[in-house]
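Step one of this worksheet: look at the structure below.
Residue numbering begins at 1 within each chain, and the chains themselves are lettered A, B, C, D and E in the order written.
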């Protein structure tokens, strides 16, 4: 698969493969387990899922970093997760979504990273059980460092509410990562706009890249909005009313981001129109200059050409005042043309 | 953060910050308390929230001018306001919204100000309790002077109904501020249109700025519409049926503003198309002039060039009538071309 | 306020004015009262609202022509109309709407008039009571002459049903006025289209004006559609089932008008694109002519220029057949170019 | 009323005319009555509605060809049809619609005909009673010949089900007429596309006409879709469940036609963009040729002009190798230019 | 019917044909029957439908390859399928759809194939009975080879659940075929984008073809989305809750494909705009070169023309320093022009 546009087409399996067949990723995952409760938080690095689930805990956060087929399969077996969910976890490039199953909630969220070579998105899947949150992250990343720190504090809302609050905190963190990305793109838009209003050189490729990044962000945010609304609409004991209030705040953020995004998209489209109009306007000005010059000098050149002819019988050539008279005619002609152009507003 | 487009991206905190953490704004707020009832209105300038809430009152309006972290925090503590609401109050650049909580209603409204350097928006947050309205305003402003005056009168509907009517009066005032702004933009659109139909010089940057202002107004008005509808749909004892009628009138105003706004946006887009078409048309006319001149004089210049050659054997040069005959040919050629151009509609 | 676009921004009062404060219009209204029943119709010109309401009647139509603050205020007081309704009546430029109140229905309708200087709209407000219709018209106009005539007949459906049928008849008449306006605009569109397909001179300003008129009609018709649907959806004893059938017919007309309107708008947009394409095409043709002429004569002029040089040692000048040979070369060159152009499809 | 765009604005009466007033069309209708039942089908040509309704029948289809005011009025009187329905029947150019009345269903359908001068639509109105279908057709046409044939067979589903099935068969036939029209337009689109990709001469007017035809078809099909859905949603004893299944098939066809139509519309829009891009591209190529020629020959012509001057003191003129040296300089200059153009990709 | 656009207009019968009349396709179908159950899977090639249905089976999959009127008719008779369903099966080019009938479910799905000459779609119809799935495929194809293989395994979910799971597996396989097609189109888009940003030669026809393919895919995917939602919304004993979960996964895939598709469509549209802007920009640059050259050399050529005139009385000609002085003037003039161009940013 080439880079760029097609990059986000999720890894897919040959058509007709039995659904729920897990793709072989060849990746080894790192596991981290945070167990937390009134007595504080402990962090462990269990060698396997079995070891992780065997550890005593009140509430836990099992972090799987890397899409490891083996680990996800074991997760599925031990926690009774539907094979289609496991398949979604292992195929990055999913639409963000939220599904309610009998014993767990399933979330897929994208976290955007703005690399120099363009926008990159990391998929994070969350399984929320009544006493455990399992997060499967596409690659190692510093996204959740702040949540870890809040866990390390040993007190706060994370300890007041259940794993649903931890899940909320992770989703909220993921959504928060859209803010600096969008701010960056907004700044790029600003600077493109300034460039364009001044000289408009070479803005087209950047503008195109920017539109593509905005389009990609859009593809992450619209489904996220739907996903969060769906969860909020459904009754589910896994989501306490207190945490619902917080999740509504996430939805508010997503709506806000979408507002900004859509207005950036519109501004980018309007910039292109502006560019096109400005180029047309400049071409018009360039043409005017050529036309003014051509319209003045082509006739004059013809006239002097006439008296450069070598006919034996050209009476004007012998007239004593012919030369200055011709200059007079030519100056009057040129001034007349200039006057006509000024009246048409071309000068 | 640079100015312009990105300006309105609300102040955000590092991703992963615990929700409800109040940002440190470093601003000192001014407090004003209006207590009003059958015995008239008294205005006080309490030094702190505690002092304000301790004052005896029947109904009150506590005005906090400036986003002071300390003051908002104290408000939250003493009036049991949800931390996410406090966070919204302190982060200007929110989407307008309306939330119903158990003991209070929460509104966020933008008030537009058209400064010479572009559109500016001031966020106003309202907390509506059963006997108190708290307004937190982003900066000192003359928006609510008329409401103060109506309070000072000591009678009228403000004294008939509860704080919900006061809240309505404030929202209505905020919405009313969109009218002169939109009128101003409408006038700019008018004048751009006239300029464009006459000479079209340098209209592009203004047109672009205008479209951006309209886009920004749109981002304030659409969510406001949703917010007001949401409040009107929900049953809530904090909002009496009489005041609901008035709030429906606010919604009507917002719909009206949106109608105008959308038609301005469409007109602005159509102006850009008009501009593009006009430039194309002018380029076409400029080209026609150049083409007519070129097509007439290039062949003529060639002909006179021929007889300027210095070959020893050029029989025509010696013919006595050659010179006048050539003039005849050239005039016929030029007239023929002019006739052809006229037939094509180029002259 | 300037003319044109901003013209329709409704007269608004300073932000913060107490809602329901009636604007001082300084207009004197004319009153007409039609009382009708089984014994026929009588027409009176009462000097005041009080006098009008004192006249005995079975069913009545009180026509107020002119937005007279004094008269509307008295109407409000005597018929217990909500102050916000009165405010709407006195501020022309409202969105068309329908409101159901406890003892009356309130309609706002726009009647379009196509003046030579552009589209003009007259606001008509209707208050429908169980035995009376009050119409307040922005200015004197001949719109309702046919309804008056039908009343004068003394029989027909107007006499069978209640005032709701009279209100329907007035709204229907208002909607009917859109037909000739739309037909006129359609004819303009037709003629612009023909002009454009032939010579496209100066169509841009008319096309722009047409698009603006269509945009304005749209702003009258969409809210009207919503208003009529709202009334039809709600249960209300003021509207009998028989009259509902007729009102559904009005809605049908509005939908039909909207269909036509939207297709006109699309045609107008497509005309602009057509214009742009045609101009681009013509510029292309003009350029081809210039290019063909330039490409043939610039090299030839260079060649003859060469032999116009005065070098002492130019052997060709003395050759006896040089002159005719050069003519041969130049003719072959020119023919070769013409052939190349023909092959490229430029001729 | 002029031809073309405005043509489809339905015949309307002066604003304010009493609703249900039947327009005087001045047309004489032809009547045909098909009575059918287990004993086969009989066809009669009754002189009047009264005569038609007096004929004994089990089930009947009364076909009225031509919008005859007299006949429609009598139909209304004898079959108790609402005057607004009669008005709709007599005013062709209605939106397709379906209305359920107490004792009958009312359908309006458009049948498209693609004449050489453009798209034409014929309105067919259907009144469906429990034992009779009345069809009123705008003009004589061969649309329903196949239905007549099926009736003549004396057996089949038409004889199994009631008049609702006959109505369905007529609507189905009307919808089926859109297929060949759309196919024709699709072929035109194809051929335009090929023309455009080859030479693009004179495609603009055809493309414009095509877009207008598609727009008009759209105005027939969208309301038809709504009409059929409305009938299918409502409970009505006049429509048996078996026939509902068939009507759902009609809806399916309409959806299919709309799919095709919308994709044709999009293709037509994209063709115009393609055209614009192709013209811009060609202008660019034409300009390159002119620029290459101009840039080479203008400087060369200047140089040879220099040595055509007649100054007495021009030392170069006497140099023996001046002439060939100048040729060398000129050739190098020309080759250098050509090289520069090739590097820029202009050749 | 010509190739290309109109190709997908489904084979239709003369308007007015009795609905459910099966078209005569003249095709001979191949039949395959898979009977499967706890004892494994057996594959047979029955000569006729009757023979196929007579074979003993627990669960079966009857595969009909080729649209054979005879076979479909017999299917309809023996399995009591509604004639309209049979008609849909035999008319390829249907909108994808799902219908629930009393004793069976009916699905129409398109399978896309990307041939070198463009996108091709194969219609697959499914009839799902309580113990049998009948698939009718437009032409022989390798789509379902993987499902056959899974059947041949003799175990797995296909053997756990009923024929509804088999139907799901077939639909899922069909949907899976959109992935490689969309990936291919995405790669084409990528490569077009690169071409365009470099040299933009001859991208227009490919871009146009790509947009058409995307439009066609859209016409397959949107109705499919509706169809699957419809089936999921309805209660139906033919679809077990377990299989519903899987079908929801199919819907998820379709939504994902639509997301990608729409963003490709938007990218393609934006590429065309980019192309147009780039061409305009290049024309502008070409014009600048011509204008610079023309503006410098046209005046100079005029000047040298002046001194090429043959007037007897031209005093300058005899001045000794005239020639070098003129060179000085001309060089200064040229440099002045170059300076002016540089200041305007043209060089």
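One rule holds in what follows: contacts are C-beta pairs under 8 Å (C-beta built on N, C-alpha and C of every residue); 3 or more make two chains touch, one makes a residue touch a chain.
Bear in mind the structure is a predicted one, so any value in this text is a computation, not a measurement.
Taken together, chain B and chain C share no touching chain.
One inter-chain figure worth recording: chain A and chain D are separated by 40 Å, centre to centre, where each centre is the mean of the chain's CA atoms.
Put simply, the C-alpha centre of chain A and that of chain E have 25 angstrom between them.
Looking at chain C, residues 276, 280, 283, 287, 290, 294, 298, 301, 305, 308-310, 314 sit in touch with two or more other chains.
If the chains shown are joined wherever they touch, the resulting network closes on itself as one ring, and no chain has more or fewer than two partners. If you check the complex, the residues on chain C that touch chain D are 143-147, 150, 156-157, 169, 172-173, 176-177, 179-180, 182-183, 186-187, 189-191, 193, 197, 245-246, 249, 252, 255-256, 259-260, 263-264, 266-267, 270, 273-274, 276-278, 280-281, 283-284, 287-288, 290-291, 294-295, 298-299, 301-302, 305-306, 308-314, 345-346.
Every residue of chain B that touches chain A in the complex is listed here, in rising order: 1-6, 8-10, 12-20, 82, 84, 94-95, 97, 199, 204-205, 208, 211-212, 215-216, 218-219, 223, 272, 275-276, 279-280, 282-283, 286-287, 289-290, 293-294, 297-298, 300-301, 304-305, 307-310, 314, 316-323, 326.
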